[in-house]
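Presented below is the structure to which this report refers.
In order of appearance the chains are A, B and C, and numbering begins at 1 in each one.
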Amino acid sequence: MNKQIKNFLIHHGRQFGTLIGLFVLIVVLWIFSPFFLTFSNLLNVAQQTSINAIIAVGMTFVIISAGIDLSVGSIVALAGVVLASTLHRGVPLPFAIMMGLGVGFLCGLVNGILITQGRLPPFISTLGMMSVARGTALLFTQGRPISGFSADFRFLATGEILRIPMPVVMMIMIYIVAHFVLKSTKLGRYTYAIGGNEEAAILSGVNVKFYKTIVYGICGLFSGTAAVLLSARLNSAQPIAGMMYELDAIAAVVIGGSSLMGGEGTVIGTLIGAFIMGVLRNGLNLLGISSFIQQIIIGSVIIVAVLVDMALKKHQTS
Amino acid sequence: MRTFGHLCAFLFLIFIFMCGCQRGEQTAGKPTIALVVKTVNHPFFVDMQNGAEEAAKRLGVDVIVQGAEREVDVEKQMQIIENLIQRKVDAICIDPSGSKEIIPAILKADKAEIPVLIVDTRIDTSLLNESGGFVETFIGSDNEEGGRIAGNYILNQLGGRGKVAVLEGIPGHETSDARLRGFHSALDQAPGMEIVVSLTANWERDQGFTVFQNILQSHPEVQALFACNDLMALGAIEAVEAAGKTGEIIIVGFDALDDAKKAILKGTMHGSVAQHPSEMGRIAIESAYRLINGERIEKNIPVRIELMTRDNLDVAGIESP
Amino acid sequence: MIDKIMLQMFHIRQVFPGVIALDDVDFDLQRGEVHILLGENGAGKSTLIKILSGAYQKTSGLIKLEGVEIDIKNPRHAQTLGISTIYQEFNLVPHLNVYENIFLGREPVSIPGVTNRGEMIRKAEEILDDLGVAIDVHAPVRTLGVAQKQMVEVAKALSMDAKILIMDEPTSTLTDREIQDLFSMIRRLKKKGVSIIFISHRLEEAYDIGDRVTVLRDGRHIGTCDMDQIQKTDLIKMMVNRELKEQYPRIRMQAGEEILRVENVNKKGILKDITFSLHRGEILGITGLMGAGRTELARILFGVDQFDNGQFVFKGKMITIQSPRKAINLGIGFLTEDRKSQGLILKQSLQENICLPSIERFSRWGMMDVQKENLITERYIKELKIKTTGSRQKVKYLSGGNQQKVVMGKWLATQADIFIFDEPTRGIDVGSKVEIYQWMNRLTKNGSGLIMMSSEMPEILGMSDRILVMRHGHIAGEFLPDESAQETILQCALGVKNE
């Protein structure tokens, strides 16, 4: 029995750690703000976290495969404006959404192809895509936001199912699917294998180029999904939307215990990471703490989380 | 696991420290007014914050000033407003990062019966009405008027004939658009005036430098520059200096930042349209206070706007510290 | 006599959470001797040297250096005491050149903050000359071969006035000739009074270079004796505590039908006219010096690398092998030489590693059948006698021999007809070695054809049914395994004419 607990800790220690961190954060905020631990505020936090959390799912795939994607924020903007202009041209809602998702997926695939066929480092190719997608979004809209959508579309952000806001419902569904994909499908297995040891994966018959491309495609697809939610939430698609979202997403993934070296990580960890950031922002707003201090605290939490993670890792190996 | 203890202790200390600061000011029964600015990383909004805090102190109310890390991040601003609604503040003053995009957040405040006051940047009223939203008032200076003032100044300086360059803010920003509209309307009076190039430098100083450097290359004949804010104008000045053309080009900015005033005194810049952000902050808090106390307030509260040049700078400098 | 004793360790005990790595171990080292440290993987050799090099702090015990009790605090401290360690993974900065590496962190300075390059170069050349090695001190380390990098490491140690040099399996990645160079350098060091602790798995080497030998087993000291007073079989007995009938238990059998024929494979500058065939039930040994093209040939056979021309006949049919996936689907398995960088995904579990190449068997429409995977993994853990806490344990926590067994398991699971083994037993202990050889027997008995690339002559002679010798990218000769052939094979590999 004792051994079982020990084994569990060894295998899940890192997630466990971040979960404790989140829990402590919640307790502290509960003590200091009477407004924090209310049902409506928790839903509010979940809803605010959902967009970053959804982008971070795709980022988790990329980071597990030992890559990085700096273009997610720009892809959110491009997918958003394409979706919006399609909607404004009177295209039926499902097709317009598919257009938005498709643009995201396509940008991701281009990233993947540049990395696998062009042999570019992921940092470089996605840095390029970051600029290209942003520029395309600005050009496409002449720099102006596209606003005003139908209630049907806005339902995606403002609607509720059993009092749970739609973005939260979608986030939960996406996490369930992503967890399943990573843990129980060939694609997931290959993602870990490629990140863990690309050479060994090639020599074990994994079509690394194909699957890597798919992984970036998935990341783009989730950016497209975030674009749909963001446009619905703001009732507007801005070409300047999503700036620096890549950093929030990477932070969530890293706080969640994924290693930037690849081969390790879980979407559950990422979800916890995204919530730590969301809860922190919300709590600091509730406490009325100055925005300057907020930035310091968020930065410190990222650093502390990774320090703790490294300490736990060391603890495991010895 | 020991390290975890350390993490917890660390977080805990930070919170106690900061809550200590906050608690000191909070007393039961005092109304709390929130001011949500676009970003806190800009002198304009720092002035606004100072004005608001002074007024709050005088009136004996609590004020919470928050802003996103990045000016363009409407979504973050929306999050802040949602969180302040949860915090059940008594009134929210908003300087919107997006005149259309912020409307869903206003609707949420309306639903929570928290009065909303708009500061500095107008929101899209037709869209607001369409969505059934309601705001108490608009407090701000007329950006279009400011643009017109700047246009008239350049027009007079050049004697009604000349080639002009423009540095725009982020496209689609109501502030930028209004200033441009005003500027264009002023220049339209004189057929001799020609805008030869109009590009965006995204409100930023370093972009103002590079963009204007490029303009000087492609349009060396430019005689005057209107920059939609001072940061871009200050960047452009450096480009002018680098090209060795200091003083040859008339440069007018917007916002009358301290650095801009210094440049005007030095003669590297000619004028800057001054809004009075600290006054906006002050009036916003005062109006919210009156609302909370059941008084009625005007639908539109103008804040004075004027052009600062060498001639009036000393006087103006005393007025707005 | 007292003067001759360099280092003494008494009752050394090292306890890790849940494991006693060393239990009451004594060890001593004399001035100018080469002391061989033998033991299976996990016997405690690494722990012992990590205590000496300051990487671990001993739990209890006493260490005396030249009669004075010392407490080794950290690796830096060990170096100042004159104890230097050369690990298998070198501690060199690839982009710096040789002399910069030798003096890294201890650069002689002329004015404070300014390194004295001339001084560094002069000293570096002096040390390398002393070692009898010809290496250009200006060459960036990344351009050097493994053997040369090792020499740089030795030079670095000597520049710190090392009295004791610990070498962890220094020969495992060297060719025979390079090993001879290394040994002549060690003999020079001995003459200068440097004591050497030498870890190796190869008994032949131990006899070649060692003065004394200490055998560890399961963290305990089994015995120490002079090298020339102990038989090889006795040493093995001490190491494994069981009689190994034979180190190479090959059961030879009648070769079956031809399963693969390679015809005229060429790759410019690397391979020239490679032609051979492989039969069912046969182990085809391929040997040669480093750089003779063995691994390159294996990679082409497995579809990893491209080649210029040539063809493959597999089970009587002409085939092309464009990718490893295709090779696996055809029934070819490839056990790479470097299990850590090419064979395994260390961060993943046994199960994920073992099932990776044969993933198609465990998945339908892209979804994994985890139960089936688990079943197969458990089966191979049992059959290969892998020491592990379970199929979910991460491979990085296994010992070298057990890791190699996982590599075996992953290719056994593909149920291939042809297995290419590239250095199958490099750096693993005698016990695991024999088990792997027994598996090779079993595979050939079941009708598979095996290609074994190896640079260990006893292994080639002991296990192969036929031997191909490669030199400069072509097949220089074919031999039958016969004790007397050893010399001719070596001559063939070296390109020495037989008169």
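Going forward, contacts are C-beta pairs under 8 Å (C-beta built on N, C-alpha and C of every residue); 3 or more make two chains touch, one makes a residue touch a chain.
Predicted model only: the values in this text are computed from it and were never measured.
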Inter-chain pair with the most contacting C-beta pairs: A-B
Chain centroid nearest the full-protein CA centroid: A
Cα-centroid distance, chain A relative to chain B, in whole angstrom: 32
Centre-to-centre distance between chain C and chain B (centres being mean Cα positions), rounded to whole Å: 68
Centre distance in Å when chain A and chain C are each reduced to the mean of their C-alpha atoms: 43
Residue list for chain A, restricted to those that touch at least two other chains: none
Chain B to chain A touching residues, read off their complex: 3-4, 7-8, 10-12, 14-15, 18-19, 22, 32, 40, 62, 64-70, 72-75, 78-80, 82-84, 86-88, 98, 100-101, 103-104, 124, 127, 131, 170-172, 200
Parts of chain C lying in touch with chain A, wherever the complex brings them together: 16-17, 302, 304, 323-325, 327-329, 334, 336, 341-348, 352, 356-357, 359, 363, 366-368, 370, 389, 392, 397, 410
Residue numbers on chain A that touch chain B, as the complex places them: 17, 20-21, 24-25, 28, 32-33, 35, 38, 40-41, 44, 47-48, 51, 138, 141-145, 147-148, 157-158, 230, 233-236, 238-241, 243-244, 281-282, 285-293, 295, 297, 300-301, 304-305, 307-308, 311-312
Chain A residues within the chain C interface of the complex: 7, 11, 184-187, 189-190, 192-193, 196-197, 199-207, 263-264, 317-318
